[in-house]
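One structure, as structure tokens, below. Some questions next.
As written, the chains take the letters A, B and C, and residue 1 is the first residue of each chain.
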Amino acid sequence: MIIDIVIFGLIWTAIYALIGLGFSLIFGVANIMNLAHGAFFMIASYIVFMLTAQAHLGLLWAALGAIIFTIIIAVLIYWAFIRPMRNAMTQVLIITLALAMLLEQIVLLVFGPEPRYVPSILTGGVNILGVRVTEQQLLTFFIAIILIAVVWMLLSKTNIGRIVRAVSQDAEMASMLGVDTERVYMFVMALSAALAATAGILVAPFLTVTPTMGWSPILVAFTIVVLGGLGNIWGTLAGAMIVAFAEMITSYAIHPQLKDAVTFTILILALIFKPNGLFSREVK
Amino acid sequence: MSFFEIRHLNKSFGKVVVANDISFSIEKGEFVGIIGPNGAGKTTLYHMITGIVKPTSGEILFKGEKITGLPTHRIVQKGLSRTFQIPRPFKELTILENIEVANAGRDKSTLAERAERVLKQVGLWEMRHQPAGNLPQGDLRRLEVARALATNPEFLLLDEPFAGLNNAEMQGLLQLVQELHKSGLTILIVEHKLKELMQMVQRVIAIDFGKLIADDIPQRIVKNERVLKAYMGDRRWDLA
Amino acid sequence: MLTRFWNAYWLVGLLALLLALIPLVSDSYYLLSVLTLANLYAVFAVSWDLVSGYIGKLSLGQALFIGFGAFAVGMYHDSIGIIPSIALGAIISVVAALIIGVASLKLTGPYFSLTTMVLPLIFYQLTYTFRDITGGEFGLTVSAGIGRQALFYITLAFMLICVIGTLMLVRSRTGKIFIAIREDELGCAALGNNVLYYKLLAFSLSALMSGIGGGLLAIYLRHVSPTVFDMWQSITILIMGIAGGMGTIIGPVLGAYGLSFLTEWLRSTEQFQDFIYAGLLIVFVMLLPQGIITLRRQFSALRKKTDGKGT
């Protein structure tokens, strides 16, 4: 059982880190708490389903299509609904929540509430230290890790990354230096959605695809942000690891349906004791 | 036991030192000014005294009691109150309501009596039902002072109350502050308008780069070497 | 603000009077049913407004306390009686509010809002997990032996008490401190007020009202199931509060009755109802974020400007 926990803990760490990273980015850079983040995760899964089951596209094309479509939706949402009220956090929360519900409803009306099946890219399984892991899950792990590394490099080594970091620290200053902050926000929104979408596509084959699958990711993403601090890749990884392992331990050792409750308890404890994340030195 | 004492106060934000071993004490009834170039750490000092920022090390004592690290509202309840550099009235409340929000602790008089006393003191009683959001700068400053007074302080900290006022407004506020001192209030005031400051205070503390560089009567401060050096070249200062 | 004037009390009194007369002029069970539910939602909306509109901390999960109240009644009305079970629900709600509040009200930013959003979802799942005591998806039946008319008057009285009580609270010094906190927490603390205490006060009162209301809801529905924790419960209250007018108390009351009737009107489009709700919320937040109740004020402000008599 311990090996199960370790292996699946690692796999879920990668997936959760993907989800948490997107959420943390848009909050850290644009100060937007996007409650529709989970909806992007969900929509991507459904688009893959739709493209494979109904349009009969190959999996890779379906995945690509899902990511692109989700990005488009995300950018449209940002431009039409979030941008006009960027400075009122309350309105942004309500609007993104309403949009998340709206998207859930649309999916529900179009596809119905039954769980949908999305085929795996890789079939077959491997045996690691006595634990059976599907090749799809391994692929998921590696893709997630690679993607996180890519994002890290993007943010720390490239020019775009520098601009994004500048805007997240001081948007006013950045715009006075000629940076089009709106474009940066849209870029980060797109990136954030892409990460959520990828996570959704990767887990769709082995998770139940239902219209309400977007809410758990939000809880996880939020907890990761509280644990790991904002816009901090290592913090996000650490937070993801804590959540993933806590969930695995609960799943295997206690009761699988108490996962979310445990995540939430971690969240509350973190809020009480370390609201600025585990890695902050200065408490505001 | 001094009325108010700061012992070896230190504060850094990362590598930036904003308070460097500051120590001084104030006796009851004194009227002390604090001067220093912009960024010298004066407002941070106020933030530390009123519990908004925690010092890295050092102690702050008020009436013999340690108040370092206490939450702001508890410090205010003990009788220490402040105004803010940029007035922050509650815009959706009227002037009167702004005063009513203030907590006067164990003050025996009723809410209404206190509000009337304070508002008349600053000269805002007539317009007490006006929303605080529409006031001109001079009145906003009076409101700031009134609110702080409504908490029944023994020790009042003023943060640049004369900034942005025209002559008439300044004279009015000057008179008010002097009356407050005469009535027994211990006052500490940060101010850039040195002419007005020197008229009011009995003692001046000068701070530069977080360090206390002088603590003397006004007449000697303006001749103090270190103080002059700190301001040399800073055109915003007028030591005349 | 409407709450400043005596208008608010008269309005509520009038509304309650009108409502009280309805059973005398109409035989319709249906109407009574809708109004009973509306009475409860008026309380939910007001309790939401106390936290979201007055201290300015947006609550996205009023359903949590409603659920606690409903399940307390559902699970215990048989063993300890209806009124004690309602009281139990109320106590649990308040205790929960204090715990959540201490954890999340101290922080700036959206942490409180997100915590309130997520909690009902957790409990939604928990009620499925512990189906032995909660009845799982089948829920629990509640038989209280209270007639429809009696329940209508009980909820009406409950609504009247809660709304008047809250109006009195927000007009008192405490209410002004709430507004001060919403505008400038630090400034409020600098005037000697324990801001956390006031936030907890608002939040616990909100939980208390919703908890009791939740118990009454279970009695009204004669049933309690996990759906009481559903996000839609919170969203519905959100719409009522926002469409009515955040931070006015009266606005959400009107929003509650208005939306209840709208729901009935939209009955035929049952499956699209949630979709329409979400859409309505978006429309209101974007076009009329202050709510309908402030329309008159915004209108007169507009007229003043065009008359050249603006401030």
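We take it that a residue touches a chain if its C-beta (ideal position, glycine included) is under 8 Å from a C-beta of that chain, and two chains touch if they have at least 3 such contacts.
These numbers were taken from a predicted model, which means no experiment stands behind them.
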Remotest chain, subunit B as reference, centres from CA atoms: A
Identifier of the chain whose CA centre is least distant from the whole-structure CA centre: C
Computed distance of Cα centres, subunit C from subunit A, in Å: 32
Mean-CA-position distance for subunit B and subunit A (Å): 48
Distance from the mean Cα position of subunit C to that of subunit B, given in whole angstrom: 43
Residues of subunit C that touch subunit B when the two form their complex: 1, 173, 176-177, 179-180, 183-184, 186-195, 311
Complex contact set, residues of subunit A against subunit C: 33, 35, 81, 84-85, 88-91, 93-95, 97-99, 101-102, 105-106, 109, 215, 218-219, 222, 226, 255, 257-258, 260-261, 264, 267-268, 271-272, 275
Subunit C - residues contacting subunit A, complex: 52, 56, 58, 60, 99-100, 102-104, 106-107, 109-111, 113-115, 117-119, 121-122, 125-126, 128-129, 231-232, 235, 238, 242, 271-272, 274-275, 277-279, 281-282, 285-286, 289
Residue ranges of subunit B in contact with subunit C within the complex: 50, 52, 71-74, 76-77, 81-82, 84, 88, 90-93, 97, 100-105, 111, 134, 147-148, 150-151
